[in-house]
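Paired with chain B in one complex and with chain C in the other, chain A is shared by the two complexes that follow.
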Partner chain A sequence: MNLKVDVQEEGHSRVVYLNGEVDVYTASTLKEKLIPLAEETNKTLAVDLSNVNYIDSTGLGIFIGALKCTDKSGSTLKIRGANARVKRLFEITGLSEVIEIDTEQREEA
Partner chain B sequence: MSRTADFIEMKVPAKPEYVGVVRLTVSGIANRLGYSYDDIEDIKIAVAEACTNVVNHAYEENENDPLMMISCGVYEDRLELMVADKGGGVDVETMKDGKGPVTSDQPIEELREGGLGLFLIETLMDKVEISGDSGVVIVMTKFLQRDEVEQNGNGISTEAPKQ
Partner chain C sequence: MEETKLSMYQLYKEMLNDYLQHKSEHVLYSAQQLSKEMLEKDMSPEEMVSLHISVFKEMVEDLPEEVVDSFELLLEVMIGYGLAHREFMSLRDRQRQLDSELNVAAQMQESLLPHEEINLKTLDFGVISVPSGKMSGDYYHYIQDENGNMGVAVADVIGKGVPAAMCMSMIKYAMDSLPEQRLQPAALLESLNRVVERNIADDMFITMVYGSYDPKKHNFYYASAGHEPGFFYNADTDTFEELETKGLVLGITPKVHYEEFSLSLEPGDFVVLLSDGVTEGRTEGEFIERDDITKLIRKYKHLPAQDIVNQVFRELEKMQDFHLRDDFTLLILRRNV
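Up next, the complex of A and B:
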């Protein structure tokens, strides 16, 4: 039950690769990495969830926090690679209405 | 007519690192009962949300022995999960008021980072009751959709999961 966070530069985007589970235990790891990146001005920040098999409201709350930061800093936040379960949570909570969710990147295993 | 239930009880420290332990335990129980993959995931999230609320809000920081109590009532047609604390840090009515999904007509700076947990519990479970004076008690029920699962007496599926 852990979370690995890797940040990579891909062209003009920063991509944050998450691997593991995002819950109340691992949330601080994510927050510490993601929020400073979201505060940088005029960037595209993508969060890749291809290797995330569990997320709950704690994780979703961090994405809301990051969205507020990118909104202020003139950056763009995108979510990509979410599996069907994770995507469903974004839809149920209405987050898919306010955060760009890109599902093209992933082929369902 | 439902037969006598089996009860499983856990008392664990109200700390972030134990939420995953509770989640996996409850997942194991739901799996044994023959719930579908999606239902098990729903149950995992709901129980984790209830435990997360306890960890984040129930107790004062200097509380000596913060605990969360989880009990699972295993019935023939349903799973009843109770998550309780003895903290008294949360007012049940305030808690109920603060929940709801995010909508795109709110300005981004006004979006709230909390409040999704209880909303998710109520969305993902079939029945939810919240009560309590000195501490919050959440009882949530998920019914077993027998028609949708193959009969599977030993709890081990011979088929690969759908995804």
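Up next, the complex of A and C:
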């Protein structure tokens, strides 16, 4: 399974559109793109998961790495468009308490 | 060595002679057998071509110069194959060495897990933990204190294999260094979180659930650090309920407060703790749902706890065609009386 990563400027925020599965095989692709963006200071970084059906724990680790980076750089990390399964993962791990998760974009794939 | 070469020379000569005269299938078969023997003796392809030239020259007088020359060219070409073969051999040796190191490490890791038998009239306890490879990123723990209270834990390190296994040993040693807080789930997770946060890479994390059972009050207290929720089986209503959990995974920020929950166990009630390898397993692209797990546990709930976890594992392994995608840990603690 592949992962496509598209970065777009939308107003004051950067939006990273993901398409595919974020797992142990694709995590490094995401890390290479996401971490440099998270290191930029005072930005809003949104990750759109509307086209992601599955995230495994290695994939989740990349979001945690990005969160730690944005905390250091004074930027904000947001997640949007997560489906029910992905959203549950963020909730169980308690990450929904520390990352802003906007689920209005979609209910279920 | 010279002797081997000599006998090889003789053998090959007879074989070639036989083949040139009778062109029989069985000689071709012997040639195949010979090549296996030569591989065992580390004979390179260019040595083989060279052997062929010398034998052939002796057998056929006045061999045309072109034929001899063509073999010389073939010999040069074979040198490349010979190098590749030697590289393969040295990689194979290294692979064997790595395998044996990994086996030792896996044994060491296995020794980090508790092995004491739990013999309690009040409690029925069972646990199974199987890595998807040789090393595991799952960890479980159980302990009984002097008052008969029992502490249990399941932890899951992100990823699998060696990095996860190294992290897992950190959890074990960190827990050993916090004896005074044993059996106090929330306090224990808070202490562990501080250790993990200091010692872990930015994109690593660990999830863990810790519970303690008080056999006098029949209460099960637990706290979770972002761990896959377990189940509570209510014998009276014959239903499974998902354990209420809330709490951040270990290793994100140093100051985290964990909430402690408690359950009252009646005789026959039990608590199920598991790692997400149990629920992240997939069969032909389909996820194994949490309902599937409870159905399996229900199927075997008349058995002792250890047999339940063994049977559930066996069935889930079968459902995944015997290829675990992730490390698997399942633990059951049941109140007997």
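We adopt the following convention: the second predicted complex is superposed on the first by the 106 of 109 C-alpha atoms of A that agree within 3 Å, B and C clash if a C-alpha of one lies under 4 Å from a C-alpha of the other, contacts with A are read in each partner's own complex, and residues count from 1 in each chain.
Everything that follows uses one rule, which is that contacts are C-beta pairs under 8 Å (C-beta built on N, C-alpha and C of every residue); 3 or more make two chains touch, one makes a residue touch a chain.
Please read all numbers here as calculations on a predicted model, not as lab measurements.
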Partner contacting more residues of chain A (chain B vs chain C): B
Chain B versus chain C as contact partner of A:I101, first or second or both or neither: neither
Touched partner set for A:K31, first chain B, second chain C, both or neither: second
Partner chain in contact with A:N83 - chain B first, chain C second, else both or neither: first
Which of chain B and chain C A:V15 touches, first, second, both or neither: neither
Which superposed partner A:L45 touches (first chain B, second chain C, both, neither): neither
Touching partner for A:L67 - first (chain B), second (chain C), both, neither: both
Shared chain A surface residues [contacts with chain B and with chain C]: 24, 56-58, 60-62, 64-65, 67-68, 85, 92-95, 97-98
In the complex, chain C residues that touch chain A: 156, 158-159, 202-205, 207, 225-229, 245-249, 252-253, 276, 280, 287
Residues of chain B defined as touching chain A within the complex: 16-17, 19-20, 23-24, 38, 41, 44-45, 48-49, 51-52, 55-56, 101-104, 108-109, 111-114, 116-117, 119-120, 123-124, 163
Chain A - residues contacting chain C, complex: 24, 31, 56-58, 60-62, 64-65, 67-69, 85, 92-95, 97-98
Residue ranges of chain A in contact with chain B within the complex: 1, 21, 23-25, 27, 54, 56-58, 60-62, 64-65, 67-68, 71-72, 83-85, 89, 92-95, 97-98, 108-109
